[in-house]
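This is the structure I have questions about; it appears just below.
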Amino acid sequence: MFFHVQRMLNEITPDEPDPAAANALQEVLGGQFGEMRTMFQYLFQSFNFRGPTAKPFRDLLYGVGTEEIGHVELIASTIAQLVDGSPRYQGKKTDPIDQPGAGGATPLDLALDHSNIHHYLVGAQGALPVDAQGDPWTGKYVYDSGNLPLNLLYNLMLESTGRLQKCRLYEMTDNKTARSTLSYLIVRDQAHENAYAKALEALGVKWNKLLPIPKTNAERFPEVAKLVEQGLQSKQYTFSLDQLNEAGKVFQGASPSNDGTTLSTEQAPEGVPFPGIAVERPEEFGPGLDPELLALVQATAEMEIAEAGQPIWGPANGNGSGDGKGVLGKIKDAITP
Amino acid sequence: MFFHVQRMLNEITPDEPDPAAANALQEVLGGQFGEMRTMFQYLFQSFNFRGPTAKPFRDLLYGVGTEEIGHVELIASTIAQLVDGSPRYQGKKTDPIDQPGAGGATPLDLALDHSNIHHYLVGAQGALPVDAQGDPWTGKYVYDSGNLPLNLLYNLMLESTGRLQKCRLYEMTDNKTARSTLSYLIVRDQAHENAYAKALEALGVKWNKLLPIPKTNAERFPEVAKLVEQGLQSKQYTFSLDQLNEAGKVFQGASPSNDGTTLSTEQAPEGVPFPGIAVERPEEFGPGLDPELLALVQATAEMEIAEAGQPIWGPANGNGSGDGKGVLGKIKDAITP
Amino acid sequence: MFFHVQRMLNEITPDEPDPAAANALQEVLGGQFGEMRTMFQYLFQSFNFRGPTAKPFRDLLYGVGTEEIGHVELIASTIAQLVDGSPRYQGKKTDPIDQPGAGGATPLDLALDHSNIHHYLVGAQGALPVDAQGDPWTGKYVYDSGNLPLNLLYNLMLESTGRLQKCRLYEMTDNKTARSTLSYLIVRDQAHENAYAKALEALGVKWNKLLPIPKTNAERFPEVAKLVEQGLQSKQYTFSLDQLNEAGKVFQGASPSNDGTTLSTEQAPEGVPFPGIAVERPEEFGPGLDPELLALVQATAEMEIAEAGQPIWGPANGNGSGDGKGVLGKIKDAITP
Amino acid sequence: MFFHVQRMLNEITPDEPDPAAANALQEVLGGQFGEMRTMFQYLFQSFNFRGPTAKPFRDLLYGVGTEEIGHVELIASTIAQLVDGSPRYQGKKTDPIDQPGAGGATPLDLALDHSNIHHYLVGAQGALPVDAQGDPWTGKYVYDSGNLPLNLLYNLMLESTGRLQKCRLYEMTDNKTARSTLSYLIVRDQAHENAYAKALEALGVKWNKLLPIPKTNAERFPEVAKLVEQGLQSKQYTFSLDQLNEAGKVFQGASPSNDGTTLSTEQAPEGVPFPGIAVERPEEFGPGLDPELLALVQATAEMEIAEAGQPIWGPANGNGSGDGKGVLGKIKDAITP
Amino acid sequence: MFFHVQRMLNEITPDEPDPAAANALQEVLGGQFGEMRTMFQYLFQSFNFRGPTAKPFRDLLYGVGTEEIGHVELIASTIAQLVDGSPRYQGKKTDPIDQPGAGGATPLDLALDHSNIHHYLVGAQGALPVDAQGDPWTGKYVYDSGNLPLNLLYNLMLESTGRLQKCRLYEMTDNKTARSTLSYLIVRDQAHENAYAKALEALGVKWNKLLPIPKTNAERFPEVAKLVEQGLQSKQYTFSLDQLNEAGKVFQGASPSNDGTTLSTEQAPEGVPFPGIAVERPEEFGPGLDPELLALVQATAEMEIAEAGQPIWGPANGNGSGDGKGVLGKIKDAITP
Amino acid sequence: MFFHVQRMLNEITPDEPDPAAANALQEVLGGQFGEMRTMFQYLFQSFNFRGPTAKPFRDLLYGVGTEEIGHVELIASTIAQLVDGSPRYQGKKTDPIDQPGAGGATPLDLALDHSNIHHYLVGAQGALPVDAQGDPWTGKYVYDSGNLPLNLLYNLMLESTGRLQKCRLYEMTDNKTARSTLSYLIVRDQAHENAYAKALEALGVKWNKLLPIPKTNAERFPEVAKLVEQGLQSKQYTFSLDQLNEAGKVFQGASPSNDGTTLSTEQAPEGVPFPGIAVERPEEFGPGLDPELLALVQATAEMEIAEAGQPIWGPANGNGSGDGKGVLGKIKDAITP
């Protein structure tokens, strides 16, 4: 069972719209080595896990898999922000954007020559579940052999390849919006490299000088260096609401990256407040509400919610259970000794 | 940002292994109208949402999308349970399963003639991100036009089609494991039908006698009838940890299904404890630990976790923040007026 | 511009339902060498045709392409008829089909072990745009190099391969429904082989003993022999409503199949009346109308059509034009010298 | 059974070649919501239709499906016209186009940097069965659940999405060739929206202010406004040659688009004469006839056609039947009471 | 530049036809972890290799890649042998196979219910470039990150996964034809595991007890045990005709599999003579030569080859060079110091 | 069994890097009518060949198939050379390439707007198994009907289409690197056209004026003219190390291209020495060795190879056999009468 909070894992730095950078970042979202893949690979390995005595390894997979859902949210939101408003990309203003088609205006002509036309034609300047070539994500990417050593080897290679691609992407664009998310993910990918490398160390492997892959020098990437100083590459989060996740038994001790740090586990990062909801784009007919429909929507938005459930830390009052404890209160009871 | 608890949304009733039923259920997991698709369709529509005044509609999408991640977990776990141990399917015992290949034994010969050979050959008797024909899930399934009325129409049709397929699957197998999960999802799909139909009612549409689709009589499906009596088809969950989700403004009032119920919103269902971790399958070399590797794994499992983060309801002590509040405590501060 | 008449190109002989034969026939519909492919290959070659002096070759492509749409209709209808009612396949009656799910009934359990489960799960016992392996038809199949000799060579090979596969299918099943359509298509494919071989003869090639491919002896296939006696393998239809199609300039003279026949062109075969509309399948929720919706549908069916256009041979009275000639009358005027 | 006339549904306005616009229009041809998909979706729903009492709904699907074949022809021809001669795009003349490769000439260098290289490399400046990203059309797009209300809901959403994409395309290019076809299809898509919306009204739904989707103001699109004035958005064609199509029983009464018009049915539009056959492109080796082969082709073109079938309105004289009535005359006899 | 000899790497033991085993073996040929993939993965990594000082690593890839072409030949030939004649599978003789279609005979009816119908319908009882689910091999499988440590990690995982799947296949069938090839490949995959593991040892990694993966006990697989006794798991072949391949610098020293063996390099195994060419299958129209065509073919087969090149060890006499040395003689001259 | 020599079939002329030309050439490598396809099509037709009396036809397929592996090597190496160093394409020098990411440098920004971003992001400036649209090669391309006349017809069409595309590519770029390989392949494709046309002549067909397709005049392509003068279009190579290949019985006599030449067979062309190994690209982290890892690699490169197999022409000393003859010596013994 999964929960959500309206907070983003890392701040998305504002900058100009940049459809080319947005398209490149699609690889990180829907590519063969992107976050949709890591997410489902670890979750399927968790669902199908074998070996009751190896629970800490299963929980490690569950924790990283849950973090990856948040990565999908972060990168999709970054792409959406980069494409949003891109008809005004590089100060272009030839057409009256508010009047699509009027008098021969072509506010979306940028779509013909830049990146992925589907960003403007199929979606309305938002993220797509595809890679930087426009190829859709496929379940064929997901690897779960059912053999623990093989899964760990694959996962180590997968995180390293993801990190390699993000380093290359960093060198393709200096858009601040793109780089803020790329830098965060470069560091988190290294944390996940460490996680799987450490799990293989528990099975006897010694990595010596091989890690991290790629061999990067964080000083070359200033935004990355800042996060490395905070030690984000050596922390693992469980993203678990209960006390049952045992990933910390694997993710501990000296870092396999040979950077002198010690691995440690926490529940979750603080994150930052959600960005505001994107504005209407009339040239896209999105969301496509005319004044009459808009009035109906606003009437809904101004309602009071009498029926909504209580938050988990407020006074528990009967949502879903009838005993004044709330759902998660009952979970707590169930698992507390 | 997403969180996880080690609880399952609904109980998976035990029964005999049944690889044919498992394969059929793959459609519900990785098919064109399965749960991986609903999950990503609603999440992408959330990430890319336009219209600041339409937040309750966005939050409805976020809530259903988050529930669908739990559906993916539920259905994948159901499939894994149905395939697990299926070399002994229907009491078959011709080969010594514990000694694959020994003396000409063929413990996996069942894989040649039943359902999807990949369940035994690529995976180790677990779930796959594919449909009942073995075709992998693809990002092409995800629909997000950026136009709110179209998205709602599609989502209504999608939930109805998903429910139609689950009703057909119910008629294909009487395996109790399969039917327990199918019945739960038939009812939840109706709740989601109601959600999108209600959102379209807010835009002026009157459904009259059209819903629900398909026109089923719950009495025909005893397990479904039981859940309908509990009113599960008329409840929406936010699966949100904060007070920010406003889906309840949309999901309220009389049910569009014309069954006399009133729609209401809660935080989350209680769920049930996680099933145990699946045992080793030597014929699959899964997880593939020989005695030496097993000893190393057990040493890890017996460690103490000193570094693990505190649960959210325990005494908050500085995980990730340094002020004794814990991460979610800070979230609470941030959003409480 | 295309037109339709509610007549079938050949009679579909009734026989028992047979989902295995139906699935095999999917290759002929949606396979790499099936009718959806021939149809679109010839139509795209027509749309993109180059060479004003080569119009008879273009018109040949248009005519065969238009016939193939009718082949798609014929084969899809054949498949639908073969799957329809197949829960009673081979006299099976264990479950009360009219009461899906009631009391544990599993009227669709046949779907788990036979052929393509999507025939029952995604469709409601009907044809699908896929091949016999369940793979969807793809635009990648369509070949149009823009080079006339290459297109003709490919088309000759394509028709011969299609005919080869139909001969193999004939040997896979003796279901009369399947064989009636297969036999008709074996003969028409030979007519199309002749068409492209003749077009290449016009470019100088001599085939000597190579054709037809495969080398079949119609006597081995009794239903085929009957149609060959009628000379159907040596006739080409234009399926054209106007006098503009010049395919007959290519399709004439001695048959390249060396069977002593002479090629000739006609407008269209007579065909047979449409089969009735298939009945409801409650186990599929198809068409899924409950009594209330059914009543609404019937009210529509009993209406008078005051507005409908006039048929082309009736007294023309102003539909769409206002001059009493009817649409096709005007077309005639436009093109008659 | 299907027929063809060498007339185009709407005039394709001449303008400069424009490969970028051509590529964008591929979405309308071979995209997920393009005309190849609508065509096959409605035809498969027709072939597999269930419910003898719902014939008018079946016939509505057949009529729209047949119209869509003509749309495929129209849009493919438009794309072919837009790519044809595009080496001279924007007046470019650097290379001697008539002498490919001579002296280092690169008449096709445009293909390297613009749109879809396959337009020049795989095809010879013609249309392809792919979308604007170059992805091939796939049978997976076709939706036929076998459940009538679901099919109608999907079809309504499909037409609205197709129309949404065409409106966006209109804003991407002001090429007159592209806009003439886009405008025609925007209006016809609305007619089809009306068709499915009306069919759902027959099942009890009230749309109120929701339609049309997207909410466009035809005045913004001058070419569209002109066609709307002619009422093309409120007319349905049967494209049927016999009296059997009953679509008019559904498509009648007030338009669901709330524009004050009344829906009506006709047999077919008049259309316009076919454009001429495209000229040779030596840089593409298309059609690739050297003087010797050309002479052979011309000899064929100059033949008399003695064997061709008679047109349907001429003196019927025995084509295929022997009784002086002609094929369609016999069809008439067969179906006239 | 590549060469071929008409010898097979290992003997294919004769046994009954077995289409189910044949289909399972398709995974090893055209599956995600099959031999077509290993072959192209290593060859592409060779073609794109970076790092002039790392030539021995490049040559290792070239050598294994070249061996894999022979594996593709071996496994395809094994599958072809297993499907060939399978209408007589399990002694079945109901239909007169020599007279397809005659008198209602259905010699290919087996194809409807067993494994992959394409083995009989698309091919003529031969191997296909697809996996055991019938999915075609795709270039997306090929991994070449351009980063040497990542490529080596992936290759190690890939060989181990391939070997895992072959061990599972061994347990699915006891057909001797299938097992002879599977056993050979299980041992060669271990040799390749050793190759990549050793290359990573050269980069500092210590594997301790992790390898081989999967942890198999060769005694369980008698045919494997026999080959292991010959030390085939510890030998690497260069399959190189010149002295330039330096793979032996990497593949030497103690085996990473901890089995006490020492790694060594040779040019190539001896192999066994080619099996005879498969006989005609009239039910498949393969090769489809009637008496007249057969006579033409035989006339060709009886010709003398006056023009054929000389073998490399015979008296060199000017083929392609004019100096009496032969092509490879010149190669020798070019590279001999 | 296959062998390799470190020689290239034709020289790759040096020129500037040119990523657009590289991308266009991908069609020839991984496209539907590219060399990966011809290679596997002929090899599968060889593996599955039926008809013991038709061995010369089988051997022809084996020989061409083996040559195509070398074509894959040639074209992949050409692409790798064209992309390598392309950040400096057209003299561009804005960013310090040796310091990726440092100080905001974006050495890979070219990747955002040119051709296939995967050349820089997934690979490290190397060839990919995809076509010019970035679509991966697929096993669906491979055609083997099992019917000899059909296979020959398809192969003739395939070679002609491949040659057509290469002629078009020649007109797209004047980069010398690209044109050197294209010209060589245009001539070799004609040789293969001749091979299959001749095989069909053996079955009775007369081609008259149809061949070659496309009708090109070699004088338009100077590099091609040079190779045609050497008669490369009329030579077939066996690429066979033994005396068993009988392709020469088919490939002899007057050329079907009507150019007055006589067909002849040889063992192999001489080829040219391998190009050097590509240098490190730090902006790609390829091969990604830091000084410590580099030192380890160099230690390996400096080793002596004591264990390596002997070359085939050196003193045979027991590799793999123990009798002092060497592997190929034994092959020779085995097949010499």
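Note that the chains take the letters A, B, C, D, E and F in the order they are written out, and that residue 1 is the start of every chain.
Keep this in mind: a contact is a pair of C-beta atoms (placed from the backbone, for glycine too) under 8 Å apart; a residue touches a chain by one contact, two chains touch by 3 or more.
Nothing here was measured: the structure is a model prediction, and the numbers come from that model.
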(message) By mean C-alpha position, what chain is farthest away from chain B?
(response) F
(message) Need the most distant chain from chain E, centre defined as the mean of C-alpha atoms.
(response) D
(request) Pick same or different for copies chain C and chain D, depending on whether their interface residues overlap by over half. (result) same
(request) Give, as an integer number of Å, the spacing between the C-alpha centres of chain C and chain B. (result) 41
(request) Please set out, as single numbers or ranges, the residues of chain D touching at least two other chains. (result) 32, 122, 134-135, 140, 145, 147, 149-150, 164, 203-204, 209-210, 213-214, 284-285, 288-289, 293, 296
(request) Just spell out which pairs of chains touch, all of them. (result) A-B, A-D, A-E, A-F, B-C, B-D, B-E, C-D, C-E, C-F, D-F, E-F
(request) Mind listing the chain F positions that touch chain C in their complex? (result) 32, 140, 145, 147, 149-150, 153-154, 156-157, 160-161, 164, 200, 203-210, 213-214
(message) Going by the contact rule set out above, which residues of chain B touch chain C in the complex?
(response) 20-21, 23-24, 27, 31-32, 115, 132-135, 164-165, 167-174, 209-210, 213-216, 220-221
(message) Which residues of chain D touch chain F once you look at their complex with the stated criterion?
(response) 99-102, 104-109, 111-113, 116-118, 120-122, 134-135, 283-285, 288-290, 292-293, 296
(request) Spell out the residues on chain B that touch chain A in their complex, using ranges where they run on. (result) 1-9, 30, 36, 40, 43-44, 47-58, 62-63, 66, 69-70, 72-73, 76-77, 80, 122-130, 136-140, 142, 144-150, 202-204, 237-252, 264-271, 273-274, 276-281, 284-289, 293-294, 296-301, 303-314, 319-321, 326-332, 334
